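Next up: the structures, one after another.
First subunit A sits with subunit B, and in the next complex the same chain sits with subunit C.
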Partner chain A sequence: MIRFFASKLLRAFATILFVVTFAFLVLRVSGDPALLIMGAEAPPDAIAAFRAAWGLDEPLWRQYLSYFAAIANGDLGYSMRDRRPALGLVLDRLPDTLRLMLPALAVKILIGVPAGIYAALHRDTWIDRTTMAFSVLGYSVPNFVLGLMLVLLFAVNLRWLPSGGAETWLHTILPIVVLGTAGAGILARFTRSTMLEILGQPYIRTATAKGVPWFRVVSWHALPNAAIPTVTVIGFMIGSLIAGAVVTESVFSWPGIGRQLVVAVANRDVAVVQVILLFVAGSMVVSNLAVDFLYGWLDPRVRTTRGKEG
Partner chain B sequence: MTGISRRIVTASTLAAPFVVCTPGALAQTDRRPMLVVAVPELPPTLEPAMELSNVGTRITYSVFDTLIRRDFLGSPDGGGSALRPHLAESWERESARALVVRLRRGVRFHNDDELTSEDVAFTFAEGRLWGAKPSIPEGPAYFGTLEAVETLDRYTVRFRTRVPDVLLEHRLASWASWIVNARAYRTLGMDGFGQAPVGTGPFRAKRLLRDQLYEFEAFDAYWMGRPTARGVQFRAVPQLASRIAGLSAGEFDIATNIPPDQIQTIERVRDLDARSVVLANSHLLVFDERGPAMGDKRVRKALSLAIDRKLLVDGLWLGRAVVPPSHNYPEFGDMFLPGRKLAYDPDRARQLLREAGYRGEPIVYRAAPNYYTRSLDAGQVLVEMWKAVGINASLQVVENFSQMQGPGQQVGQWSNSTRFPDPLGALWVSWGPAGGPQRRKEWTSVAGFNDAGRALESETDPARRRALFTRMLDAWEDECPGTILYQPLETYGVKKRVSWRPYSFYFMDLRPDNLSFA
Partner chain C sequence: MSRLDIVDLRVAFDAPGGPVEVLRGIDLSVTAGRTLGVVGESGCGKSVTMLAAMRLLGRRAHVTGRVRLDGLDMLALPETEMERIRGGRIAMIFQDPMSSLNPVHRIGTQLRETLALHRDLSGGAAAAEAVRLLDRVGIPAARSRMSDYPHQLSGGMNQRAMIAMALAGEPEILIADEPTTALDVTIQAQILDLLRDLQAERRMAMVLITHDLGVIAETADDVAVMYCGRVVEHAPVERLFASPRHPYTRGLLASLPRMDARETSLRPIPGSVPPAGALPMGCAFAPRCGAAEPGCHAIMPLLAPRADRHEVACHVGARAAA
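Now for the complex of A and B:
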């Protein structure tokens, strides 16, 4: 078990190191932060002063080493644009990001999973076809299209809800609906197909033939076995909680980390980008670990295999 | 019981006037509207000289005041250049290098400090806006001529310059010259002050939520009178469609950065107006003489002569952008040179190409798609115009200016603002020795231009100044290191009940004399 964890952590660390290095090089080679932050009309002397102040006139390798030396000392750097600690800037956005993303995740799961199960249990009926039609519609309509349509309907025409912003709970409704719709559609599709596969297994037929009540067959024998692919997808969704709503945040003027990432990349504000990438990579690693644990809990065969490996 | 009731009644009666007069109670009875402005982006700091972008100045302009006020609305196009007393009630020239300014008395900062000469001296101090290492990197571009700022008494300041500076009064009315509260600035430091700004303007900071909302409340002790709105909110709404939707839904009073193709959309809504102003800014092309085939000025001139600017303006800007008569603007006043124009002459362009021995070498126009409004559309049209005169032109989309100005640049995009209504504040600032093209060696055949410009810097006689500007502009047009396309339009979507006029800069003036509600 310890070896299992150690190898996972080592792999996660290597991934983060690669992501951070790659991002540093790409961002620094493809654009000059001084020119991007100060603007094309800024006097050249001012741009030179900016470069000197932020060490951008140093060779790239030295900037890279300085950056990692600072990280080793717990200093994740300062935003060149905001002139404040990058970590603090990102943490400031975290509550608003989670205020949107956690309810959206709940919507995805609470609608997508039951809808998929229900469709599978009514295979080839109008219920199945209608559910799947909505599911396909949900994940195939781009977020910005759905977002703008909802704004047009509920904000501009009916004036029931605000068109954007993040001040009250009313502001969260439309973005949560947009984010939830696409995710619910994906989960419904996954859940339905895995449920259908499980429902066709011999042990389900056996249980049914033994006279086990249908509700118990579904909830006790089918659902846990069908859950593994769904849990994997939910794991990815949790991993993308931090910066996975760039488009929706832009449409609804939501001050989340996704939008912060876009602005930071456009300005080549390296420290901010790196902190966000660390958060994203960290959340991915944690969610994958959690999913690994869930596999073991849901499926005893996984536990057994791991035990033998360990 | 009766006794307690009596005491309560008596106490309540005595306390009532005080309770009613508390700020909270006043706020509840304040019937002035809250002005809500949707903007694409909020600035990272409200230190007024630090954030000189359109994003920053549209907010800081109503938080801070300048000593002298440029009367933009004195001209119907919102680009007036007459100077009026503001925080300074008067000013006079002691000499070509010295200006004495007398402050208005009784002006209060948002923290209730009185404005004094100490605040002015601090604002223009060496080390902040000028000197060897100023804390404001762009400061020297505006106040690099300063030599000293001396407080003569509590309300009088003398500005001394190293050389005769005919633009000093204009400098004090424009960019980077907003007066800050010295005590607050010293206490908070530059970065802290940027998050808690203290000025003398009509609105003071109340709530700053980065990338979300900056809220200001009316500063009722404002020296020009009580603000007409009880507050103003600048909301970050990055998507154009969302700004227009919020405006249509009645959530915003003003939405900025509306492109020309959305003007009709806004005007179709019954209670909305689209208010446009031609900016004191020109979109240009830079011809990098180091680029292949670009060393011959005849090729550069041919590129300029092949451009039908009227077609661009009609096609992309609904005919509302303006083609200026070269790098020469009417707001220069006496320095404006009448009778000039940017020629469109494809035959002459072909002839120049023949004379230059141009043999179809590729000429690439690098354009960043999202920096200037409609620049990519303009680029596609330009390439076709160049092809029409025989230039082997193509368009390369790049992400940013670093990539544009990288090795091999031939034609790039840029814009020039008229920072002060004078050639020294426009052509010379952008194309002179301190400007980008000369510093980056994109333009090196500069002798005639620089000689005239340097002479103009210290010349005070109006006739000689005009002659020097003529020489400078002739040299620029003859060498053709770039060319102007047009002055773009800035459009605001505004509720009809809001009486407010935009300026030819991005400044949003929300003072009582330019903001009222029907």
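Now for the complex of A and C:
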């Protein structure tokens, strides 16, 4: 058990290291922060001073090493643009992003999972086909298209909802709908196929053959088994909560982490980008660990083999 | 004395080219205290017959005919009445015990579910009865096995747990669908012994579905041989083995390897089973039959009741017996 989670943690650490290194190299190689932030017309000695101040004149491997040395001391760097700690800047934006993402996640689960179950139980009927048509539509329309269409309809034509910004809860409705739609579609489809597979299992026939009423066959015999793979997909969705809002936040001018990432990348504001990527990678890793824990709870087969390992 | 009568049972499955008939008029009965063996190759409809009788085939199957439990037509009952019968008056066990038990629930919990459904037992009484049943089917340390999950038990132990679950509703009829096929040979014999003992002890009627003539010889009182969705021969077990009348039954018996003869190779029945959607007009076995006459290809032979209780659906075989 301990070895199982130690190896998981080690792998998680390696993942984060890889992400940080990759982002570091790409950002340094693809553009010069000094020119982008100071402007191309700035005097050469001012640009040189900016480079010296941020250590940009040192060789790449040196910058890389000192970056990690700083992280080891708990220093995640400063924004080159705002000259404030990058961590603080990102943390300031985090609540706004979560204000969209958590309700969107709820929308995905509360619509996707029941729709998938319902479709599976009515396989090959018009209910099933209609649900699946909406599901395909939901995840095949890109976020920015759906976002713009909703803005056009509800903000421009009907004038029911604001088109962008973050002042009131009314501002959150359209972004949440846009963010939730694709995930709900994916979850519905996945839940349906999982349920159909489970309903075809011999133990479902056993349950029916021993006189268990159909509702209980579904709720007590099928659903706990179908939950095992479905939790994995939901885990991935939780992992991509923070990163998932880049496009949608831009469409709705939402002041969250997604838009902050776009601006920071454009400015080669390395420290801010790195912090955001750490959050993204970290939430992926944490949700994967959580899924592994949940597996043990949901699936007795996993529980006992782990027990034997540890 | 309870009895199950299956009369002219027909099943067709929806398929892209129109419904395909897989059962083409089955007549069978079982009575208390006797074991009916249903034998035939894969796809002959032996499992489908019992699943259709229990109404477990789902919406894609079109089932017609009569399935009477002491005169009560099960095919016409409302679903809630069927739930009382399934696992209560008629219990079933299946081929693969490992996948027939729910992997996320404990053995004891699954057993107690049946006790709650059919005998209104819960709490301590249910637990005690569950342990007693596990003990009866020969599971050692029954009390501690209650909290095990199916994957923690062997195939043989799981099949015993399945049998205990089937017994939990105190059924009058037990349908065993290939109960030993997925098990080791040594375990097979133990499970068959157990089923035979329980059947005698409880005076149950038992239907044993198998493709194994050896299992039939050891366990059944009567035998129905099925081919392409029909019963082709029906007889008391000794008569069937002593003087098989249908050429297909003869072929099956002849194809068995024998301990007392030195044969270099097995003797298979020539040809192959026609697909369910493309059966010949007359006798389905005629294309593979060495004794077939012109009439066999045109007229389907029927299973006629006979005084000696040895029925055969074969023009040639029936004439020879007369």
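As a working rule, the second predicted complex is superposed on the first by the 310 of 310 C-alpha atoms of A that agree within 3 Å, B and C clash if a C-alpha of one lies under 4 Å from a C-alpha of the other, contacts with A are read in each partner's own complex, and residues count from 1 in each chain.
Just so it is clear, a residue touches a chain if its C-beta (ideal position, glycine included) is under 8 Å from a C-beta of that chain, and two chains touch if they have at least 3 such contacts.
Worth saying up front: this structure is predicted, and the values here are computed from it rather than measured.
By the document's definition of touching, neither partner reaches A:G74: not subunit B, not subunit C.
By the document's definition of touching, of the two partners only subunit B reaches A:V151; subunit C does not.
Set against each other, subunit B and subunit C touch different numbers of residues in subunit A, with B touching more. In the superposition on chain A, contact of A:R84 is made with subunit B only, not with subunit C. Using the contact criterion defined above for the overlaid structures, shared-chain residue A:K210 touches subunit C, although it does not reach subunit B.
In the superposed model, A:H221 makes contact with subunit C only, not with subunit B. Of the two partner chains placed around the shared chain by superposition, subunit C is the only one that A:L298 touches, whereas subunit B remains out of contact. Using the contact criterion defined above for the overlaid structures, shared-chain residue A:P202 touches subunit C, although it does not reach subunit B. Common to the subunit B and subunit C interfaces on subunit A is no residue. Interface residues of subunit A facing subunit B in the complex, by the touch rule stated above, are 30-32, 35-36, 38-47, 49-50, 53, 79, 81-84, 89, 92-93, 96, 148, 151-152, 155-156, 159, 162-167, 250-253, 255, 259-260, 263, 266.
By the touch rule above, subunit B contacts subunit A in their complex via residues 41, 44-45, 53, 133, 137-138, 140-141, 191, 194, 209-213, 235-239, 241-242, 245-246, 248-251, 371, 399-403, 405, 414-417, 429-430, 434-436, 439-440. Contacts from subunit A toward subunit C in the complex involve residues 201-203, 205-214, 220-221, 224-225, 298-301, 304.
Across the interface of their complex, subunit A is touched by residues 54, 56, 79-80, 83-88, 91-92, 94-96, 99-105, 113-114, 117-118, 149, 151-152, 162, 165-166, 169 of subunit C.
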